[in-house]
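As written, the chain order gives the labels A, B, C and D, with residue 1 at the start of each chain.
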Amino acid sequence: MSKKSYRNAIKEAIEFEMRRDPTVVVIGEDVRGGHGAKNTEENKLEGFGGVLGVTKGLWTEFGSERVIDTPITESAIIGMTAGAAATGLRPIADLMFMDFYGVCYDMLYNQAAKFRYMFGGKAKAPMVVRGMIGAGFSAAAQHSQSPYHIFASTPGLKVVVPSSPYDAKGLLTQSIRDDDPVVFCEHKLLYDITGEVPDDDYTIPFGVANYTRQGTDVTIIALSLMVHRANEVADKLANEGISVEVVDPRTISPLDEEGILESVASTGRVVIVDESAARCGFAHDVAALIAQKGFYSLKAPIELVTPPHTPVPFSNVLEQAWLPSAERIEIAVRKVLEV
Amino acid sequence: MKLTENQLLDAYKHMRDIREFEERLHDENTTGDISGFIHLYSGEEAVAVGVCENLTDKDYITSTHRGHGHCIAKGCDIHAMMAEIFGKDEGLCRGKGGSMHIADLDKGMLGANGIVGGGPPLAIGAALTAKTLKTGGIGLSFTGDGGSSHGLTFEAMNMAVVLQLPVIFIFENNGFGEGTGCDYAVGSKDIAGRAAGFGMPAEKVDGTDFFAVYEAAHKAIERAREGKGPSVIEATTNRFYSHFEGDPGLVRSKEEIEYIREHKDPLKIFRQKVKGQVSDEKLDQIDKDSKALVDDAVKKARAAKNPEVSQLYTDVYVSY
Amino acid sequence: MSKKSYRNAIKEAIEFEMRRDPTVVVIGEDVRGGHGAKNTEENKLEGFGGVLGVTKGLWTEFGSERVIDTPITESAIIGMTAGAAATGLRPIADLMFMDFYGVCYDMLYNQAAKFRYMFGGKAKAPMVVRGMIGAGFSAAAQHSQSPYHIFASTPGLKVVVPSSPYDAKGLLTQSIRDDDPVVFCEHKLLYDITGEVPDDDYTIPFGVANYTRQGTDVTIIALSLMVHRANEVADKLANEGISVEVVDPRTISPLDEEGILESVASTGRVVIVDESAARCGFAHDVAALIAQKGFYSLKAPIELVTPPHTPVPFSNVLEQAWLPSAERIEIAVRKVLEV
Amino acid sequence: MKLTENQLLDAYKHMRDIREFEERLHDENTTGDISGFIHLYSGEEAVAVGVCENLTDKDYITSTHRGHGHCIAKGCDIHAMMAEIFGKDEGLCRGKGGSMHIADLDKGMLGANGIVGGGPPLAIGAALTAKTLKTGGIGLSFTGDGGSSHGLTFEAMNMAVVLQLPVIFIFENNGFGEGTGCDYAVGSKDIAGRAAGFGMPAEKVDGTDFFAVYEAAHKAIERAREGKGPSVIEATTNRFYSHFEGDPGLVRSKEEIEYIREHKDPLKIFRQKVKGQVSDEKLDQIDKDSKALVDDAVKKARAAKNPEVSQLYTDVYVSY
C-alpha cells in the first residue's frame, strides 16, 4: 500500500493485467506515440504514452504488438476492439476524450454491446473503452463532456466512473477481467489526486456503491469529481452538526439500487449531484429510481444539481459556473433540510 | 487452379443451398409468417461461396443485411438459420437476432449486420486477434457497393494497411445500394480502384463466375495468411430480387431482371463450366437434396416453438 | 380539413415548405431513389421516395437539385446538412432509422447543436433531421430503437416526437421554419394511422403539451406510439369510472414542464410510459422533474413503464413483451391508484 | 502566375500576423493566463495564406484544432481572436469558444474544430449552399495529415464528387498527427494519391512555398467556381512547435526542429522569393506592424472583461 495518483493507479491496473494475461492489448491514438517518427523510433522513446501520459511505459515493456498505435479513426479503433474481443483478445481501447463517442458510437452501442443478445448468448465481447470525461480543464465544448449517461442507457454496456485512485485501480482490473464490454470514464481533473493504492492486484465488484461519508440527515449521490465536492460539503456541514451521507455508486451500469435506496431510507432527503447532463442524465435516472422505489422514505423533494442545458463554455468564469460547485451543492442540501 | 470433384460438388451444394433458401424465403415471405426486413442473396451466390470455399472455421467473416448467403457459405446450419428467420427458440440466435443478425462464432461467422459498413471494422478486429495470437486465421468482410463508400469501411481499410493485418475486404457490387446506382454513389465509379489509394492491392472479378471469385480470393487469402497484408476484391454481381422483400422494385425493368436471370445466374454458369468434369446426375441430386433440406427446414421452423418470454431478459450480459 | 395518414401529413409539411421557400432542400439516401439506374432515369421514376415512401412525389416536383440522393454516408449527410444550414439553406436530412445516429452523431451533437454557443451567438443552423424510431416492426436490435432521450439530453437540439397526423404536420412545419436544429422522430408503426389534417399550412409551437385525454384521478405521460396505448387504457378505465388524464408533451426539448406539473398537481398520481430506455431515458427525465418540482402534489410513487434494459429482440413474441403494452400501463395505473 | 506588389504585401502581412500571433501565444501560454489546449500554426503559414488569398468572404472555409492561422488568413479580427483565446467577452465568440472554436461566419470562417475530420463534412455543406443558391462561392476544408484518414473526411470527399460540389480539400501534411508519423498512419504514405480513388484530381505542393500553394489553390478554386467539381491539394509543411503547448515534444529532435526553422520557414522563403520585387523596407515595416498589432491585441485582451455569468445561458438556441 502506498500513495499513488489516479493516473498511476490506472496504469498499474493495465500493466498488471498485461503481464498476467497475454490476450490483453492496448489500442488507441498515441498510446505509445512516436511510430513513424525518426527521433522516437531511433531512440525507442514513447512519444506520448497516451495523450496525457496515463499509459506511459507500457510500450517500452510490451512493444508495438500489444501497445498498438492507430490512425485517428475512432470507428476503426472501437470496431477493431469489438471484433478482436469477440474472437479471443481482451483489448483495451483508448478513446482519449469520451466526447469522441459521436464519431464511433455505432461500433460500441450497436455492435459490441449487442453481440451477445443478438447472437442468442453465443458471443461475448470482453473489452474496455477508456476515455476522459469532465469539464474544468478549459477544454471547451468538444473536449469537456461526460456522456456516461448515454453509455448507461445502452443495454449491454457496463459503465464505470471512478472517483479515487483506489477505486480506479480495482475497478479497472475488474473491467479488464470482465467478460462484458465496459466503458471506463476517467475525469481529467482527477489524474493528479493521490490516495492509498495497494501494490498488488485487486478487483472491486461492479454494482457496489461506496459510502464516502456516512450520515443521517441527508444523502448526496455523486460520481467522479463530484464525489470530492460532495465530501467537501459534507465535511463543512459536519461542523454545523449536519450529518451528510455521500454515496458514490462508482459503477452506474450496473447500479447499486439497493445501496442508494438504503441510504435514502435512512435519511429521507436526497441531493443528486451529476456532471453528465441537465436533461435525461444520470441524476434523472437516480431520481426516477427513488421516486418510484424510495418514495415513502422521502421527506422532501429530490434536489438535482447538474450543469445547465448548455454546451460547456470555454471561458474559465463561465465554465466554473457551468460545473456543479460545492456552493450549489451546499445550497441544495440546505434546501432539502429546510423542509 | 484445378479443383477436385469433391470441391466442385461442395461449392455447388453451397450455392444451391443458398438459392433454395432464398427462393423459399421469397415465397414464405408473402404468406406473412416471416416478419421484418428480408434481403435476398439470390443471384450473388458465387461471391459468398467462391470466397468461403477458401476458408475454415478459424477464419472469421463479417456480413451485411443481405447475409443469408454468407452464413450458408461459411457453414451455418440451415435448419437453425431458418428457425432464426421465423423467430423461433431453435434459431441460431434463439430468435433474438433475426435475418439481419444471424451469427455463429463457432463457424467463424461474426454476424450479419444491420449497419451498412458495420462489418469491415469488426473484420479487422478478427484479423488483429489472428495476428496477435498467431492463429493462422484471417478476417474477411463482405460489403456492398453502397457500403463501400461508408466512412467505417475506409477507416478499416486504412487501419488494415497500417497494422498489416491479415484481412480481405470483399466488395459485392450488385449495382445498387437500395435504389441508388453504384455509378452514382461511388464518385470514381470504381470501387476496386480505391484500394491503391489506401496502399493495398485489389482485383476486380466477375462475381457471377464462381471460379473467378475463387481464384482471386484464394490469392488474396494466401497472401494474408503469409503475413503479406490486406487486400481488396470487387466482385460484380446481380441480385435477382429487389432491395428488400416488398420494396417497390422500380430501379430495374422486368426485361433487365429477365436478362440477369437468364445470362447471369451463377448456378447456370457454374454448371456450364463444370460440364464434362462433373456429371449432371450428381448436380441434379444436389438440387434435390437442397430442396429437401430447405423444405424440411421450413417445416421444422414453422413447427418450432417461440422463445419463452423470460428469454427477453437473458443474454444481455455475461454477468450483471 | 380531411383525413390523412401520418405519412402524408409529413409529406405535406415538407412539400408546402419547399414550395414556399426555395432554400428548403431534402437530403438523404433514396429520398428519391433511382439515381444512376437505367429504368428510373429513363422513365423519370422515383425508385423509393424515402425508404418507406414518405417523401414520394417530392423529386418529381422539385428535381434532383432540391431532393438530393446521397451515398450511404450518414456523417457526410448530417455534416453537409449542418454546413449548409449555417450558410443559408434550410435543409431537411433524412436519417432513415434514428438507430443510425451512432455513425454520425458527432455532426449533430458536437457540430450543428453547438455552433451557436461555441460561436458566441453568431451562427444558426436551421435544419431538420428526420428519422424513424420505434419497435414493433420486427426490425430487430439495430432498426427499432428510439434514442430521442439522447437527442433531448444534447443542448442545442430541439426534439419532436409527434403522435398524430395533425401534430406531425404542424410540428414539422414549425421544425422547418425554426432557426434551430430540430430532430424529428417518426414512429414507424404510426405511418398508416389517420386523422384530421388541415390542407393548408399551420404550425404548432414547441414546448406545448397536448392533453389527449382529460382526467382527474391519474396522469399518464406518454409520447408517440405510447400515447395511443395510454389513450386506450384511459378509455377502458373510463368505463370503470377511473378518470385518466393523458399528457403528450409532443416536443421533449423544449419540454412543457408547466403543462406536466399542472396535470400532476391536479391528479397527484403519475405513470410515465416511454419507449426510449430503461435507464437514463425520457421517462426518468420527467420523473426527476416531478420528484423535484411536483413533489408535494404526489400521492403515490411515480410509476415508470419502459422497455427492459435489453436490446430489441427480433422474435415477435419477445418484441411484444419488450414494448410497453396497454396491459402494463393499466397495471401501473391501478398500482398508483391503490395507494 | 504574377502577383502585384499589393497582393504580395497582403500575403506577407497575413503570414507575419500569424507568426506573431502564434509566437506570442507560445510565450503567453507559459505565464498561465491562457488556459486550455493551444495548438500553434507557426511554420505552416504559407498553406493557410497561399490558399485564402484566393478567397473572398462569400467563400467558406472549415478549419481544425490548429486553427489560428486559417482564421487570420481568412480575415478574422486579430484583436477579437486574441480576446477569445483569453476567454474574454470581447472575444470573437464572446469567450465561449476558445482557441479550438474560433469562427466568424461573416468572414466565411465556419469554425476551427475540436473534432479531427470534423471540417470536411461541413465544408461540403457550404459548397452545397453555394451550388444551390448560385452564390458563386465555394467551400474549402483544411485538414491535417492525421485527419486525412478519418472516415468523416472520406465520406465528404466521396459526397463532393457525387454531387459535383464546388469544394476543395486541403490537406496540411506536417508529418504528424499528435505523435504519430504520417508515414505510419497513412497506409499508402500518400494523401494526395487517395483522391484519384474518389474520382477527383489532386496536386501535391511544397507547403512552405507560398507561391506553390497559391498557384495550386488558384487552379483548384477556379475549377470549382466554374462548376467543374471538387479537388484535393496536399501541402507538405512543418510545425515549429510540438502538437500542443505543453506536450512532451519527443517525436522530433532539437536538430530536426532547428533545421526546419532554418530551412523551411515559409516567411524566410517568401522573402527570398520576392527579393527584387518587394523592398526589404516594406517587409520590415510589416514585421513591425504585426508585432505592434499583436502586442496591442494581447494588451487589450488582458485588460478586457470576462463574460457575465448570465451569458452562460445565452446563445444555446435562437429561441427556446
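In this text, contacts are C-beta pairs under 8 Å (C-beta built on N, C-alpha and C of every residue); 3 or more make two chains touch, one makes a residue touch a chain.
Everything numeric here is computed off the predicted structure, so don't read it as measured data.
Asks: Could you tell me which chains make contact with chain A and chain B both?
Replies: Joint contacts, listed by label: C, D.
Asks: Among all chains, whose Cα centre is located farthest from the one for chain A?
Replies: B
Asks: Distance-wise, how many Å sit between the C-alpha centres of chain B and chain D, to the nearest whole number?
Replies: 45
Asks: Report the inter-centroid distance (CA atoms only) between chain B and chain C in whole Å.
Replies: 35
Asks: I'd like the Å distance between the centres of chain A and chain C, where a centre is the mean of that chain's Cα atoms.
Replies: Roughly 31 Å separates the two chain centres.
Asks: Where in chain A do residues touch two or more of the other chains?
Replies: Touching at least two other chains: 70-71, 73, 75-76, 99-100, 102-103, 106-107, 110, 117-118, 140-142, 155-156, 308-311, 313.
Asks: Mind pulling the residue numbers of chain D that touch at least two other chains?
Replies: Touching at least two other chains: 91, 93, 95-97, 101, 113-115, 149-152, 155, 158-159, 162, 184-186, 316.
Asks: Hey, how would you classify the chain contact layout here, line, ring, star, complete or other?
Replies: Topology of the interface graph: complete, with all chain pairs in contact.
Asks: Flag every residue of chain D that touches chain B in the complex, lowest number first.
Replies: Residues in contact with chain B: 149-152, 154-155, 157-162, 184-190, 193-200.
Asks: Help me check something: in the complex, which residues belonging to chain C touch chain B?
Replies: So the residues of chain C in touch with chain B come to 29-30, 32-40, 45-48, 51, 53, 69-73, 75-76, 99-100, 102-103, 137-143, 308-311, 313-318, 321-322.
Asks: Quick one: in the complex, what on chain B touches chain A?
Replies: Counting only chain B, the residues touching chain A are 60, 62, 91-97, 101, 103-106, 110-111, 113-115, 118, 120-130, 132-133, 135, 139, 151-152, 155-156, 158-159, 162-163, 314-320.
Asks: Inside the complex, what are the residues of chain D that reach chain A?
Replies: 35-37, 84, 87-88, 91, 93, 95-101, 113-117, 146-147, 149-152, 175-186, 247-248, 250-253, 256, 306-307, 309, 311-313, 316
Asks: Per the contact definition, I'd like the list of chain C residues that touch chain D in the complex.
Replies: Spelled out, the residues of chain C in touch with chain D are 23, 25, 65-66, 68, 70-71, 73, 75-89, 91, 106-107, 110-111, 115-124, 155-156, 158, 178-180, 207, 254.
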